[in-house]
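Below you'll find a set of structures to go through.
Here come two complexes built around subunit A, the first alongside subunit B, the second alongside subunit C.
On to the complex of A and B.
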C-alpha cells in the first residue's frame, strides 16, 4: 500500500513549495509533489492519468514555469522583497479562513451517506474508447480551448515587442 | 487493493486548501500561478477519485479536461506576468490593482 507515503509526500512537498522564498526551488519541490501525485493516481487505478500527470504537468507545465522564471532574472533585491512579503502575519487570515473551510468540508465528507467501498481500476483502453466515441465533443472543446490560449498568448507576446 | 474514496478525497481537500491559502497570502505572481495549478491538480485528483469510486472512465476524461484548462490558463497567465513585469517592473500582484495606466 504505497498510497499513504505518496500522499504524505505530496502534502509535505506542496507545503514547502507554497511557502518557499526562491521561485526555482519552489518549482522543483512542486515537481516532486506532482510526481507523488502521479504515484497516487497510479495507486487509484488511473494509469493513464498518472502518465499524463508526469508528461504534461511535471514535464511541460513546470518547465514552462521554469523558463519564465529564468526570463525574469531575479536578483538579491527580489529575494529580500519576497522575504518582506511573506512575513508571519500575512499568513494569519488566509490560513484561518481556509482552515474553517477545511473543517466544514471535512465534516461534510465524514457525515455523507455515500458508503465506502473499494473502487475499481479504470484501464486506459476504457478511457480512450469513451473519449473518442460518446465524449468526442469534449475533445473538440479541449482543442478549441487550447487554440484560444495559443492565440491569446501569441497576441499578448507580440504586443510586448512593440 | 484500492483504497476507499475518502482517502483520495481527503488528500484533494488538503492540497486544495494549501493552494487556496497560498493564493490568498502570496503577492509574488509566480507563486500565485503555482497555487492555481495546485488547486486545479487537487480538483483533478477528486475527479479521478470519483471515477475510481464508480469504476467509470468519466473521472479520467474530466481530468484530461482539467489538464487542458491548466495548460491554456498557464500559457496566458505567464504571458500576462511577463507583460506586468515589463510595464510595472515588479512581480507584485498588488501593484496592478488600479486598472489604469498612471499610478
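On to the complex of A and C.
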C-alpha cells in the first residue's frame, strides 16, 4: 500500500534534486529520495537493504557531500553562475542520454509483466550468506576498488600538505 | 483496534521520554551542583523538582527569533530533525520482554544506527542554515565528529551481533540470559559507550558547541522553543544511548527479584548518572586530539575486538 507513494516520492524528489539550483537544498531533496527508496526496499521485504540504504547513503555519503558543499560557502552569486551554466544547448546531450535510457526502461517495463511481490521477507543473515558465498568475488572486487580510492585520497591529502 | 492501541502506546512512550528528558535538565544541574560542592537549582517546588516547569514557561515566553539572514525552512527543520530521529530510534528499544513499540524488527540494531546517523543532519543543517560563523564551525565540527565516531560505533556493536547471531534487539537481550555481554565484550562495551557519548555530543566530546571558543556552536542563533528542542533532544539522546548500552551489554530488562521494567529503569538511570558525572569530571580535549583519538586508537581497537570475537566464536 505504501509502495507506490514512496516510489512516487523517490522519483519526484530526485527530479527536484537534479533541477535545483541551491546545492544544499538539492542534497537534502536527494536525502528524502534515498529515504523513500529505503521505504520501497522495506516494502519489498528487503529490510537489511533498507537499513543499509539509510546508514550508508543518507547517513554517511551524503553527509560528506554536504560537508564539502558547506565548506565552499556558496551564495546567491554561485546559484546564478550555476544557472548560467545550465542555460541553452548544454541540456541537449544529457537529455538525449536520459531519453535513451528512459525509452529502454519504458520498453522493458511495457514488455514484461510486473513480477509478483515476494511473499517473504529476506533476513539479514541470508543476505550475509549470499554476499560471502556466491557473490564473494564481487565483494572482494568492491573492497579492492575502495582500497584504491582510499590510497589515492591519502596520496592527494599528503601532496597538499607540502 | 490493535493498531489504535499500538499508536496510543507509542505516543504515551514518546511523551514519557520527552518528559523524562526535560526532567533530566534539572537532574543534571542538581547533580552537577552536588559534585561541585554547591546546591544547584533548589528553589522551585520541593528541592527544585518543579524547576522544569519554570524553565518551560520562561522558554515559551521568549521571543522565537528567526534571523533575517538564515535559510528559514532549514532553520526551522533542523531542531525537528534532531528530536524526530532520537525519538524514532526509541521505537526499536525493548523495554521489557513484552513491551516496546517495535522491538521485534529484524534489523532493529541497524535501525538504531540509521537514526543516529540521520541525526547528524539536524546539527549540520542548524549550523549551515544559521548562516553565521560560529554556528557553521559548530556544524562542521559536529559533522566530522559524528561521522568519525559512527564508524567505530557500528564496528563495536558487531561483536554483540556476532555473539547473539541477530540484529533483533529483543533476541540480543535474550542471548544474555546466562552472561551479560559486558563481560565477553568488555572492550566493545567501552568503545560503544565512548562512541555514544560522542554521538550525543556530550562532554568531553561537546566540541560542536564548545562555548569557550564557539559561543554556543551550532545553536548559537537559536532562541525560545527551537533552542528548547535542541536542548531536550540532547537529553533524549542521553536516555537513548543509556538504554542502548543497557540493552546491548547489560542484559536489558533482566535481573533477579525486581520486576523487569524496574530493572531496566534502574540500569538506564545508572548510565544517565554516569553521563552527568563525566561532564562534571572531565575536561574537553582539543579538536585534533578528538579526531586522531577516534581514527588512530578507537577504530583499530574496534577492528581488533571484531577479529578476536570472531576467532573466539570459531574456536569455541
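Following the convention adopted for this analysis, the second predicted complex is superposed on the first by the 127 of 162 C-alpha atoms of A that agree within 3 Å, B and C clash if a C-alpha of one lies under 4 Å from a C-alpha of the other, contacts with A are read in each partner's own complex, and residues count from 1 in each chain.
FYI, a residue touches a chain if its C-beta (ideal position, glycine included) is under 8 Å from a C-beta of that chain, and two chains touch if they have at least 3 such contacts.
Here the structure is a predicted model, which is why all the values come from computation and not from measurement.
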| item | value |
| --- | --- |
| First, second, both or neither for A:31, with subunit B first and subunit C second | second |
| Partner chain(s) touched by A:12 [first = subunit B, second = subunit C, both, neither] | neither |
| Partner chain in contact with A:70 - subunit B first, subunit C second, else both or neither | second |
| Partner chain(s) touched by A:52 [first = subunit B, second = subunit C, both, neither] | both |
| Greater residue coverage of subunit A in the superposed arrangement, subunit B or subunit C | B |
| First (subunit B), second (subunit C), both or neither touched by A:60 | both |
| Touching both subunit C and subunit B, counted on subunit A across the two superposed complexes | 48, 52, 60, 64, 71, 121 |
| Complex contacts: residues of subunit A adjacent to subunit C | 24-25, 28, 31, 47-48, 50-52, 54-55, 58-60, 63-64, 66-67, 70-71, 73, 121, 123-125 |
| Residues of subunit C touching subunit A in the complex | 71, 74, 105-107, 110-111, 113-114, 117-118, 120-121, 124-125, 127-128, 136, 139-140, 143-144, 147, 150, 154, 165, 167 |
| Touching residues on subunit A, where the partner in the complex is subunit B | 1, 3-4, 7, 10-11, 14-15, 17-20, 23, 26-27, 30, 33-34, 37, 40-41, 43-46, 48-49, 52, 56-57, 60-61, 64-65, 68-69, 71-72, 78, 81-82, 85-86, 90-91, 93-95, 97-99, 101-102, 105-106, 109, 114, 116-122, 126-127, 129-131, 135, 138, 141-142, 145-146, 148-150, 152-153, 156-157, 159-160 |
| Subunit B - residues contacting subunit A, complex | 1-11, 13-15, 17-28, 30-31, 33-35, 37-38, 41, 44-45, 48-49, 51-61, 63-65, 67-76, 78-83, 85-86, 91-92 |
